[in-house]
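Take a look at the structure below.
In order of appearance the chains are A, B, C and D, and numbering begins at 1 in each one.
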């Protein structure tokens, strides 16, 4: 008799438990039903789904959510290109106007020769490792030149030339991988309101005397640019450009500030101008290197 | 890739896709019970029993699975078979059941079984599922035995109860303690990676 | 291939009949009930076997802790009955499991099963006492998780053998460096905390139960 | 007063001394798999602590009132058909593993839906870990420890109540988080060291884990010493001088 009671009790106990949990989950499924916007699913289908991060978001679903919820411009997807932009625009009912491109700007202008107090460094040849070591070079702000950004870039658009990271704006798509990879955070994404814009090529915040001790070209915080043009504001001996108020057509006093800057730290960055192209006219073209598409942005392969 | 057949699943489970050394699954059990060989072999046998039954059961009902309740159903089936295994062990091999203690029920959350249910059983027929289960559990037992052999010989100088190292050899007590498990398994994993790198290197050259 | 993540079934509202929670969960319900029955069956089948496994594990030790019959003639079997003896001492009530061993209903000795805090975790011991509860007849360590190779030596015969024959009246002391006599116990080198832990357990048990057992022995013996 | 000492000892034991990862080896899969970056590890730790507390609460109540051999609810229901004496024989403890794992899986699913609905930001940061937690050994292990403290103890006073069970869960989870965050910190530095190629990734993580386990082993015996130190002298004074201080039975 006790056997039947035990079996009966355990069956009812399990039955009640199962009913209780399924009911709770069912109710929760409906009560916590997140109103998923069907457009997000449609956008995800429209996007290539390579999660390459070219749009500056971690993955396609993130970008789709941003497009639908935060009215992100539709033409950010690099891999998808124009076709994908039109598809997204169709889903969202917006006209696919090309938006303001964001491109990286390297806030350092010192090549290896310009850097003083350099110590022989035989550690791990990555910026992340060199950044941990004190005294690799005098300037603790500037570019280390070990190429973390070059490795992070999937579009072969940034190279360390003579110790300094230089952006190849013809290839750059503005995905921001180099900005994320730089351990010293001296690569920032700036809105390019024109083909070529002004930028500050230094990030050293020390006083003038210390800067001259460690770098031949570093900005000494003399505030000439701030006096000449209101576009520049100097904070901790370092000028910064207010890109919102930046308008490419009336740059009068900004250009004068650029010329008057004693250390020539205000430079023009962007696609090479006609003059640069002419200067290179006769050089032999290097063979074209096709970028290899690493699909996963973050290679933490989690296996179990 | 085409879904592998029963034979392939079986062979692959033992070495090429060894659950412990290759897929890094089921580490909780691997590190915990390998301080002596007897409990390692018993754990291997228990996992074999549970994996075969669970894979068989899941592959039989695989067409009825609803997507979001899938994990709950898997855990329920596995938990039942683990309780049966635990009770059988307690009834017939009581000293082993006391030695393994809480680690038998931990087979339920052992990643190997749920992973095999997901990967193979929920998609393929019973025969392939059982073959896969056998392969994986033999691979798992081999890994456990390899780890337990190293730890028991160095830790207590015995092997399955027979004295292997001379009594004068000081026992490395650390090997039987938790840190020993981490270190031994780390080194063994490095060794297997190195061996497979060598072999891969030879094939290319 | 990592296990597929359980996706949330954000079924869009228009699929009405699929939405009823019970309908979706019918398989879970069925499985739960079937497995409940299966396990209850296993419980009734294997339950008794496991129970007496547990009991034998302690009872098989009891004869070793009971002094051999002084007259070899009585070859009768030992009967052992177990009862729980709650003892309140110093504001804390502790419950002891007492095994009363008798040979053809003449008291042959007591075995007390008790657990205490060791160096790393619980230590459970069986303490054998003579019928009049005045001499310790032996000690057996049932369960311990002391450091293997050091503390674990308390379970081995040479060390725990020291307790046999010790008087139960005086509390035992642990000394280092050998030469134990009277009510002294040699500590294991390098594991004094474990040795002291076991001795504390024995002393506490003796202090709590000795007089109760003695009175029971007095009453029972003709 | 001794109840507070008990709570402190359980807390200290679960967090540091018998750390779930370094002493009991539970929760190694996330320990190796997820500890690449500190914020991921911390997210995982919080998710595990949160779900472990819920699972501990459910499993304590279920064990105490239904699954224990002498559970009051089962006796009461069995009493309807059987006379009280045989009703005591009815014991549902065999269902415990199923009930625990069912509760864990369901609570993980529930928490995931709840977070998705009310804390989308929080869900985005560590929501992805929640399905992984169902296969995490640490949570089931916490339920099993609670069960062994309820069923395995024959002295009714020493059985754990809900407070002690929750303290074990919370501090066990914190111990888990501590271990996994330390590991993540080390592994972030490891990225910058040149580890021999066969040892990259998991093997070096295991070796570092071994060294950490050795460090955590330094804690063994601390709770024992703390207990004898904290046992109020008043208890000792009453007892006859010859009797050694009677420490509370083991937590």
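The rule we apply is simple: contacts are C-beta pairs under 8 Å (C-beta built on N, C-alpha and C of every residue); 3 or more make two chains touch, one makes a residue touch a chain.
Everything numeric in this text was worked out from a predicted model, so none of it was measured.
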Task: Pair exhibiting more inter-chain C-beta contacts, B-C or B-D - done: B-D
Task: Most central chain, judged by mean C-alpha position against the global CA mean - done: D
Open item on the list: Among all chains, whose Cα centre is located farthest from the one for chain A?
Closed with: C
Task: Length of the line joining the C-alpha centres of chain B and chain C, rounded to whole Å - done: 31
Task: Between chain D and chain B, distance of the C-alpha-averaged centres to the nearest whole Å - done: 24
TODO: Using mean C-alpha positions as chain centres, tell me how far chain A is from chain D in Å, no decimals.
DONE: 42
- [ ] Round to the nearest whole Å and give the separation of the Cα centres of chain A and chain B.
- [x] 44
- [ ] Indicate the residues of chain C shared as contacts by at least two other chains.
- [x] 1, 3, 6, 8-9, 24-25, 28, 31-32, 35-36, 39-40, 42-43, 147
Task: Where chain A touches two or more other chains at once, by residue number - done: 6, 9-10, 13-14, 17-18, 21, 25, 29, 33-34, 302-304
Open item on the list: Quick check: what residues of chain D touch more than one other chain, meaning two or more?
Closed with: 29, 33, 91, 94-95, 98, 102, 106, 109, 113, 116, 131, 134-135
- [ ] Flag every residue of chain C that touches chain D in the complex, lowest number first.
- [x] 3, 5-6, 8, 32, 35-36, 39-40, 42-43, 47, 84, 89-95, 97, 115-122, 147, 170-171, 193, 197, 200, 203-204, 207
Task: chain D - residues contacting chain A, complex - done: 29, 33-34, 36-37, 40, 66, 74, 77-78, 81-82, 86-87, 89-92, 94-95, 98-99, 102-103, 106, 109-110, 113-114, 116-118, 120, 191-194
Open item on the list: With touch defined as at the start, can you tell me which chain B residues reach chain C in the complex?
Closed with: 35, 61, 64-73, 76-77, 79-80, 83-84, 87-88, 90-92, 94, 98, 111, 114-115, 118-119, 155-156, 171, 173, 176-177
TODO: Quick one: which bits of chain C touch chain B in the complex? Just the residue numbers, please.
DONE: 1, 3-4, 6-9, 24-25, 27-28, 31-32, 35, 38-39, 42-43, 46, 49-50, 53-54, 57, 143, 147-150
- [ ] Going by the contact rule at the top, pick out the chain D residues touching chain C in the complex.
- [x] 2, 18, 91, 94-95, 98, 102, 109, 112-113, 116, 128, 131-132, 134-135, 154-157, 220-221, 224, 227, 235-236, 238-240, 242-244, 246-250
